[in-house]
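Below are two complexes that have chain A in common, paired first with chain B and then with chain C.
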Partner chain A sequence: MFSIALKMLFHDRAKYLGLILGVAFSTLLINQQLGIFIGLITRAGAVIVDVPEADIWVMDPGVKNLDTIFPLRDTEIGRVRGVPGVAWAVPLYKSNVTIRTGNGELEASLLIGVDDSTLIGLPPEVVMGNIDDLRRPDAVAVSADGFRKVWRNQPFSLGNIAELNDRRAVVVAILKDSPKFTSSITFFTRYSQALQYTNNGRNQMSFIIGRSAPELSPEDVARRIVERTGLQAMSSRDFRWKAIMYVVQNTGIPISIGTVVALGILVGIAVVGLMFNLFVLENLKQFAVLKAIGTSNIQLLGMVFLQACVVGFVGFSLGLFGATMFFETAGKSPTFQGFFLPWYVAVGSGAVAACIIVLAALFAMRRVLFADPAIVFRG
Partner chain B sequence: MGLPIAVECEGVIKEFGSGSTKQRVLHGIDWQVPLGATTFLVGPSGCGKTTLISIISGLLSATAGRVWVLGKETTKMRKGALVRFRADHLGFIFQQFNLLPSLTAVENAAVPLVVQGSTLASAKRQASGLLDRLGLEKNKWKYPNQLSGGQQQRVAIARALVHNPRIVISDEPTASLDAETGHEAMQLMREVASGPDRAVIVVTHDTRIFEFADYLATMFDGRIESFRQNTPSESSH
Partner chain C sequence: MHRYLKTIFAAVSIFGAAFMLFYAIRLINKNTPREKKVEVKMLPPTAPVKSRSEDPRAAAGYIGGVGLVEPVGEATVIGSQLAGVVEKVFVVPGNSVQQGQELLQLDTRSALADVGVAQAELNAQQAKLVELQTQIDVMRARVDAAVSIQDQAAAAEANAKRDLDRASTIGVANALSQEEMDTRRMNWDTAKAKYREAQARVREAQANLSLLDGKPIAASIEVQKAAVAEAVASLARAQTNLDLRTIRAPKPGTILSVKIRVGEFVPASVLASPLITMGQIEPLHIRVDIDESEIPRLRPEAIATATLRGSSGKGVPLQYVRTEPLVIPKRNLTGTVAERVDTRVMQVIYSVSPSVLHATVGQQVDVYIEDKSNNAATK
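Up next, the complex of A and B:
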């Protein structure tokens, strides 16, 4: 019976194609948009992700995200280090600087200053150079994307000179960092050096980053820090989530993307539901004939379900392939750098496609169930 | 019962609609269709022939009365059992042929075997031989819309017989065919469908094919008026 069901399905090429494209379109839209959405909002926590050694972040109680920061007094580092359960704690500096590119243009850039002695706070992946060279005077590391943007059309090389807020900086290393929300150019340097570039030496700790003792959870240690210092402290997990939620709640991104996704689902349901119904309706006489010949309702439902599943599977695969291709190609362009298709989005869109198909199939099955086999004798 | 009986109806009543639109179409049919013969059910249009054979086939339920097919009371069967019974023992030929447009001739003829549980491949092998006997060896791989009416009806005949049903029920099988093709189709039907153990029931008002009837049942306004053996003099009219 299943082979007959498939022959019925493939016979009406136009409708089969329409059904598949409907599912594919929905799948593509959902995956592409949600992939972009997740790629975008996770950028809000990029700075946190780039410091995997630290599992605790301490900051001013008013801080809501990584972009609006108020400096901490330098005595706070000692107090944080004194909290039981804190294995270590180091300062982290973060600021925006203006940088002049190779051809004289100005670009906004991020400057991260890491602890002078330990150099904790740098992203782990080194593309070129040696991070120990950051201890040299005027030494900076630059993000790979930043290098491409500042020194356009140049192969990666060390020794390039940049001007950070009009001060000389020598590139000694190129690092791979996570794409940021605001700027794709990030410079890394020692904490003390960073202060030279921005505040003429005045101490300005943006964050204190630290690690909890192995036997304690970072959430527990963070709670202790809050109790003892009155500062805001969070596990890196929580802080990343908070930064992401800030973007979700305070920008139009979720609404605009949510609209497109909802539209994709709606169009999918409408197109696939209608077309599948039409398909079954047009084949109702055939189903009635099969019923008259002695096909059981279970067999008929199996046939419709198989037809729906084939449409769903082929359409979903096509849509997913399209979305993968998008992220494969677009992921290479600097604007979409780091955008990818999270597995859970693919799985989720699969669930949506399955829902669309099941819904369409259920409606169609009702028609088949109530198809009157007695019509076979009527004109 | 003793007599070789294929179908027996006892007081079969059928009403359509309800309330003021209620219409009684069958007024208590008592009828016995013999095995080993071809029985024609004739009568004016609208007298209830199609309704009666639909009830005999189990495609329509009777308002009252009882029906036995091959000794089994089908009016008492559960729906699933009835469907299974139909798949095993009945073959159908329709006026409109009702072939599946997405299947080739041989695939169409194979459908009843597939419904019974055969694979399409083995069902096609069986159907193929039958199509040869019906003179369709050159057209087996064509789709219904590539076949003439007569060829389509022959495919339909093959489909009705491929699973060796003991009862073949046919409603106006020649109405969509010209005289010669209709005659041919009936001839083929008699050749392949008849047997001592089988019954063929043909609903028709095509007098040109009456010669193929062993028995003639005449229906009028929801009743069987007469049921008798067909005499050669009558059929050669």
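Up next, the complex of A and C:
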């Protein structure tokens, strides 16, 4: 019985291809757009992701994201360290500096200053060099993307000299960091060195990053810090979420990408629904024959459902394959770093594809159920 | 044949879809960034995590502060009372010196010449005094001579009187002429006058003697003695002037820095960079800045520990010495600029043996002071 259903399905190759392309296109669109969306908004919290050692971030109560910073007083680090449950806390400096590239162009770049003694705050992945060399005078580490941008068409090498605010900076390491919204050039250096590069105020400490004691959750410790110091403190997970939500609430990214996704779903439903309906309509005679020779309605519905499932499976696989290939090939470009297809998007798009198929199948089943065996004879 | 192809098409499309789905899942799995749980390679020294969890009192919390290692009673800055060119430097940094030990010597030539002049003056005045004292004998002899002349005059006067008396007795009988009588009277008068002259000579000689040998005051000797005393004083002044050109240690201690070299000019004023800094570094003192908001939580008897920057592990226990009674604006110790930030700090002095805390003067340490206030106990 089901082999008949499959034969019916594969018999009309044009319709079959149309059906799977409809599902595939819809899946591709949803996955590709949502993947980009998630890759984009997670950039808002990239600096937090790059400091996996710390699970607590402390900042001025007015700070809403990572780009608008109000520096803290230097004594606050002592107060934060004094809060019970804080295993350790170190300062983190973050600011923007303008840098002149090798060919004289100006680029905005991010300057991160990490704790002098422990170098906590650097991204863990080292492409080249040794981060301990940051203890040398005028030493900086640069992000891999930043290196490509500042020293265009040069292979990775150490010892290159840049000028940050008219001060010498020697590259001693190249690190892989998460891509940021504002700039892909990131320099990492010691906290004290960072202050020398941007000597522009009395209060300099952008953030205090810390770690909660092993037996306590970072959220609890962060709450205690808020109580004791009056500063804003949150776990890195919360802070990252807050930075992402800031982008979601304050930019047009969610609306524009959401529209494309909705269109994808709509097109999927329309194409697949109509195609499937046509397909069933065309094969109505066959169904009528089957009905005439005594096939029950349940069996007929099962057949339609099987056909829909095959179409959905093949179409979804094709679409997902396309989307992953897109991220795979595009991800090789250095300007397209940090985009990936999260598994939950793939699963979600699978659910959407299933919905499309079920909707289309339900729509078509109506005709099968009410098919009159007599139509076979009416020619 | 045709059906055969159809079966192959169906199989290919389904198995192809299955393969693509499998491949897509693998790509998703590969490209999804892992949330790496990075362990801290080097614990910040400011975090006595271990001592905290082991210490049952840890629940009370800590006050954190930045401490500056300094000599007992702060560093002594050596200056010069006199301006001049440096001739010799006797110490190098690290030397330990006793009180009064020579540190450096200025050019002494003019001061030595002054001493020579004063010495010669003293010698001259002393010689004069000796000369005066030897004149006493001369004067005595003169007095004796005058006395003997007086005696002679007295004898002559007595003789003249006797002559006159004899003549008067005889004269009654007009045995002698009036001329004879007058001559004898005149002789007596002359003898009387000579006697008075001799008396005056005696007084003169005596007065001359008393200038040198008078009781209770011998005026000329006193004058000369005063002149000698003045010469002694001016020699002492010249000597002091010479001594001031050798700068000596005001107290026992260790030389911390020497910022002066032979041939350089030393002004007699307060200098921005002191010539020589010295201090007592056994035991070391640690000056801890406590933020004004933490002052109420500080107790002198609280246990305090210090950790060196750049070294992890347990802190070194400190002994409380005193609390500075003056709360001062915080100097930014962590940055390069010595600017003040808008907060005040109370400075607490702790002492520690250099054999326990291997720190050098001027080094910054992170200090944790146990919070014993009731406020913390309730939390």
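Keep this in mind: the second predicted complex is superposed on the first by the 373 of 379 C-alpha atoms of A that agree within 3 Å, B and C clash if a C-alpha of one lies under 4 Å from a C-alpha of the other, contacts with A are read in each partner's own complex, and residues count from 1 in each chain.
Note that a residue touches a chain if its C-beta (ideal position, glycine included) is under 8 Å from a C-beta of that chain, and two chains touch if they have at least 3 such contacts.
Only a predicted model underlies this, so the values are computations on that prediction, with no experimental measurement involved.
Enquirer: Given the alignment on chain A, is it a clash or a fit between chain B and chain C?
Expert: fit
Enquirer: Should A:Q286 be classified as contacting the first partner (chain B), the second (chain C), both, or neither?
Expert: first
Enquirer: Counting residues of chain A touched by each partner, does chain B or chain C come out ahead?
Expert: Chain A has more residues touched by C than by the other partner.
Enquirer: Per the contact definition in the header, classify A:R211: touching chain B only (first), chain C only (second), both, or neither.
Expert: second
Enquirer: Return, as a multiple of 10 degrees, the angle whose vertex is the Cα centre of chain A and whose sides reach the Cα centres of chain B and chain C.
Expert: If I round to tens, I get 170 degrees.
Enquirer: One more residue to check, A:S109. First (chain B), second (chain C), both or neither?
Expert: A:S109 contacts neither chain B nor chain C.
Enquirer: Which partner does A:K7 contact after superposing on A: first (chain B), second (chain C), both, neither?
Expert: both
Enquirer: Would you sort A:S317 into first (chain B), second (chain C), both or neither based on which partner it touches?
Expert: second
Enquirer: A:W88 in the overlay: touching chain B, chain C, both, or neither? Say first, second, both or neither.
Expert: second
Enquirer: Look at A:Q299 in the shared chain and tell me whether it touches chain B only, chain C only, both, or neither; answer first, second, both or neither.
Expert: first
Enquirer: Examine A:S183 and indicate which partner it touches, taking first as chain B and second as chain C; both and neither are also allowed.
Expert: Neither partner.
Enquirer: Based on the superposed arrangement, let me know which partner A:P373 touches: chain B (first), chain C (second), both, or neither?
Expert: first
Enquirer: Once you lay one complex on the other using chain A, what is the shortest C-alpha distance from chain B to chain C, in Å?
Expert: Shortest inter-chain C-alpha distance (chain B to chain C): 7 Å.
Enquirer: Jot down the residues of chain A that show up as touching in both complexes, chain B in one and chain C in the other.
Expert: Looking at chain A, the two contact sets intersect at 7, 10-11.
Enquirer: Touching chain C in the complex: which residues of chain A?
Expert: Against chain C, chain A makes touches at 6-7, 9-11, 13, 16, 20, 52-53, 73-84, 87-91, 115-120, 124, 191-192, 195-196, 199, 202-204, 211, 213-215, 224, 310, 313-314, 316-318, 320-321, 323-325, 327-328, 331, 340-343, 346.
Enquirer: Report the residues of chain B in contact with chain A in the complex, numbered from low to high.
Expert: Those residues of chain B that touch chain A are 50, 53-54, 57, 59-60, 80, 83-88, 90, 92, 94-96, 98, 100-103, 107, 111-112, 114-116, 119-120, 159, 171.
Enquirer: Inside the complex, what are the residues of chain C that reach chain A?
Expert: Contact set of chain C toward chain A: 6, 9-10, 13-14, 16-18, 20-21, 23-25, 27-29, 31-33, 35-40, 42-47, 49, 52-53, 58-66, 289-291, 293-294, 309-310, 330, 332-337, 339-343, 345, 366, 368, 371, 376, 379.
Enquirer: What does chain A use to touch chain B in their complex?
Expert: Touching chain B: residues 1, 3-4, 7-8, 10-12, 285-286, 289-297, 299, 373-374, 376-379 of chain A.
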